[in-house]
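Read through the structure below, which is laid out as structure tokens, and then see the notes.
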């Protein structure tokens, strides 16, 4: 019984991680139709930002303050990845709108460069991030069932990201412009919306969220130059499975993959579990090529 | 194709190709065995690039899973070589994975002919099945590309996980001979090189025929506007399926040659990175021109083996940057660049590739 | 269209000339064709003329394995520098030729071929993963080259062209399992990354458990680069083992140990013994989650020998005080010295003579006295079990006392009869 | 049912996410008829063409071709093979191919992989293409890449492609949109020529253009049939006038998708 409960929680936890990793992609891919293969590297940048924040606290602040580095690391990761995203959009991505496959290839090249950059700066080996002590341990709900605070924290973080994204996209002026541009670029431009600015902002926000994901991942996994490569394909699967252009789809996609992954892994083993999940995704997309939540349009392509 | 008059220009082109072929055929005379072996490997890669160009350059389908087809061909050949080395007994890795008997599906691979047929048929069949479902269901563009990535993950995870049957991450290596000829002997190596040259030229001619035919024109039409093609009365799915299968078969063939030259195949050769690198060769050489794709493969690999060691870090920076620059600013690759220079001089036809770039 | 063809063709010619010129430039046109059968002899004499000896260093400088292998390169270069500073080998300077295996097995094979047949190096130090070694092995055997392989591995191999300076199974895994059975409990859970070393190692462990009264309560493999261990940890919890025998590789270790701690399992609850976690990896995982866990190696930075004191000192002086030494680093360093000693003794760099001279060669390595076993070309090594301390170093819990004779095929163990290679 | 009806649409309804673009539309086309489909923006004209050529599957109703085939069950390429050709509103030609190549693949022929792989250009085929080139006035630009043509030329090329398909029914979506007066005139002549042999459905906004043809006009509004008859009849109809000039216009504009 505890095992099932724990597995349910594990599934939820994996879903939340996948969602966090895929959220940024859902924006850049879903709204802008840019396939950003460097998304994984933006996650990596977020993780290294956390590492740097930790080091700053270690070096310049009293030890009693150390635990609070993480509170600063979340926004720091966002901002740094945001800036990287902004630079990337302005120098490269803007040449690639309307060429999704080319954007995939070019950003893969960018990813390669960023990985190598990280390797040159921080060295090839992983670096260690000590998680704050207030996230150690977990919530005991019954004997033998411990829900780690870190995983709970990530779930909370995802919810926070989702809510703020919802408010940004659907309730703010900026968000309205963003939707306008994504739905009808020319019309929006005619109405005086600076599409250049909106594109840059949208891409940067997607990147910033990748940074937050990177920050969260330091709690659970390795922090190294190849961190991004572990998540990028999964992230794309989430977005594609969920259906492009709707946040709800991304949430459902992440939950689906996370839950089934946990289930299959529990039944079989990690390798086979992964294979089964991917086979299911491929099969599902044959059935519903547009994903779980599809936006129907009348345009020819 | 129609018979055309032998203008001086066509004569030059013909001479050029003949000279290139002659250079390839005579390479064993003035290149060391080691370099010849390298060149042979590059030529095998050039064959994959040709196949990849058929679907990407001409049909507009981007597959990031060609490593699989390449790898499956390679595995078929490797299984034969391994069995020839072990004399039909279960290969070494089965032993240390606890397998005492040769599995049933390995047994026919003792026969060279069977292995060669399978090396082409298995990748082709896999492509056919995948293509049948995805193209019929109109999964295309980016979605198709991402699906091929999923396929890569499935295949490599299975190959790695089924160590007893596949050799796991180590892959299959340690061969001795091919049809009784020692693989270590320089003569065998030269012969294999020449075979590779012949295969490359044959595949090149085959691809030329395909793209020169009306079939090839339909492929290009699909690239320009898949939906429009439907309303003319073609079923794009069939065409895509056929060309995808052909491309996979070519990749499988190249994989078989690769194993003969390199002496090892492992799941890492089927992964996402090698698959993307294959696309990179085509992108740099010039998608949509066969010669560009083949040259891209040869040049990129040559550059990699020359420079990657001297500057392992610099090489990755260089490769990443090159990828970005070529894809963004030279969508037709090096071959296209040469073409553009020509257009600039002559201006006989308007340059409209830019029109398709909606960054305006 | 025609014009276009014309330009394509000129492109083709230019490129082809380039490649062929590139290929041709590296060698004298005549030499190779006629002499191929004797190429290796030529290589050997070539390597020892002109007052210097070329040796190859072939590890991954890029790709996923660079993390581990770069430090080994450093150690090997350090050994070469030290030997050169002390007058070289046979009065000649050792010149390293460094090639990048790029974490890609075919590349390892290609570069090995290049080192032997183009650069004509006297020997090669290289490899880390089993896969890279397996890829290089046929090349070294075909061209009669010499490879020094510095990493602990799964055994069941003994190539006449390879010297293995890392531990084989009976110098690491087998004794550590025995120790765990005696000291920590009978119930074993085997956890590894999904590749050859863990699977083969676990095959050995399973036989050993059967023979020595242990109990297998679970066996799991995760794909390389797997980063979520929550489900696996649930499975471990269910199985309630005394010991988790961990053969995970690389980044997975970080995720596993972090998440193990989060799940409320400490070293006190379940003993974890790792065979791929050394000082270098500890730094990347974080000491806080590893403290108290065990590892089995032949060498730790803290190993108390006079040779090690200078080794660690020199290494830190050369590469920075924050750097640490570890087992494979030391094995790479030892390999260079062993080769140099063998060449000195043979008075030649010729492969067959060096092999002959290397038999039963002894050397005071940082890990203690090592000796080359002539029959298997592995070396005698002392087994050590260590516990991770708060400073990121190991405290030795146990050692085998004397250097253990290598037994790659486990012929000395009755229970291992079924684990023999079929070929 | 009369045998001469080449195309018959019965109670066709199309839904997009709950929005009914076409509701219970009926349309009957005789052999050799030239029919204009007009109506304000968002009336469902283009959607009707989409239904006929198979691009959109109706949620209800049937479309019968030549009195026997229900084409709502067919795929686009099968419908095209049956003999229904479509010209889209925005010129959709294959921009990276030459004008001649565009025509070559459009030409009526066997369309299987095998046939196209080994197809040889017969003299008769070349003649047909050359004839068509002259007809659409592109004989001097055969080797041009289609993407480099002017807007009007692209429109003609597309019409030429469709004619080479030799369909029974031609569906034309605003064939003169964006054309100069002269080009429009030329297109009109072209239409007259075609209409002698084939049935045509034209969606058009340009009333001047429509008036030049003495043929039947169908007016659609909000997905429904509003009026059918000659141009004069239609123009006299109050409801039609109201739809075109009246109050509901705003609502329609906001829903338009063009």
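As written, the chain order gives the labels A, B, C and D, with residue 1 at the start of each chain.
To be clear about the criterion, a contact is a pair of C-beta atoms (placed from the backbone, for glycine too) under 8 Å apart; a residue touches a chain by one contact, two chains touch by 3 or more.
According to UniProt, the chain labels map to these proteins: A, B = Urea transport system permease protein; C = Urea-binding protein; D = Urea ABC transporter ATP-binding protein.
From a predicted model like this one, the values you see are computed outputs, not experimental measurements.
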**Fill in**
Contact steps required, at the very least, to link subunit A with subunit C (Urea-binding protein) come to 1
**Message:** So using the touch definition from the top, which pair is joined by more C-beta contacts, B-C or A-B?
**Reply:** B-C
**Asked** Taking each chain's centre as the mean of its CA atoms, which one is farthest from the centre of subunit B?
**Response** D
**Message:** Centroid of subunit A to centroid of subunit B, CA atoms only: how many Å?
**Reply:** 33
**Request:** Would you kindly tell me how far, in whole Å, the mean C-alpha position of subunit D lies from that of subunit B?
**Result:** 43
**Prompt:** By residue number and range, which residues of subunit A touch two or more other chains?
**Reply:** 119, 271, 274, 300
**Asked** Which parts of subunit B, given as residue numbers and ranges, touch two or more other chains?
**Response** 157, 160-161, 225, 227, 313, 316
**Request:** Specify, in ascending order, the residues of subunit D that touch 2 or more different other chains.
**Result:** 55, 88, 92
**Item:** Residues of subunit A that touch subunit B when the two form their complex
**Value:** 33, 35, 92, 94-102, 104-106, 108-113, 115-117, 119-120, 233, 236-237, 240, 271-272, 274-275, 278-279, 281-282, 285-287, 289, 300-301
**Asked** Hey, which residues of subunit B end up touching subunit D in the complex?
**Response** 2, 210, 213-215, 217-218, 220-221, 223-225, 227-236, 238-239, 242, 349-350, 352-353, 355-356
**Complete:** As the complex stands, subunit B meets subunit C (Urea-binding protein) at residues 7, 9-10, 12-13, 16-17, 19-20, 23-24, 27, 30-39, 41-42, 86, 89-98, 100, 157, 160-161, 163, 167-171, 173-175, 184, 186, 262-266, 268-269, 289, 291-292, 295, 298-299, 302, 305-306, 308-309, 312-313, 315-316, 334-335, 338-339, 341-342, 346
**Prompt:** Where on subunit D is subunit B touching in the complex?
**Reply:** 53, 55, 75-77, 80-81, 85-86, 88, 92-97, 101-102, 104-106, 111-113, 116-119, 121, 143-145, 147-148, 161, 165
**Asked** Considering the complex alone, what residue numbers of subunit A touch subunit C (Urea-binding protein)?
**Response** 3, 6-7, 10, 13-14, 17, 119, 124-131, 136-138, 144, 146, 148-151, 217, 219-224, 226, 229-231, 262, 265-266, 269-271, 273-274
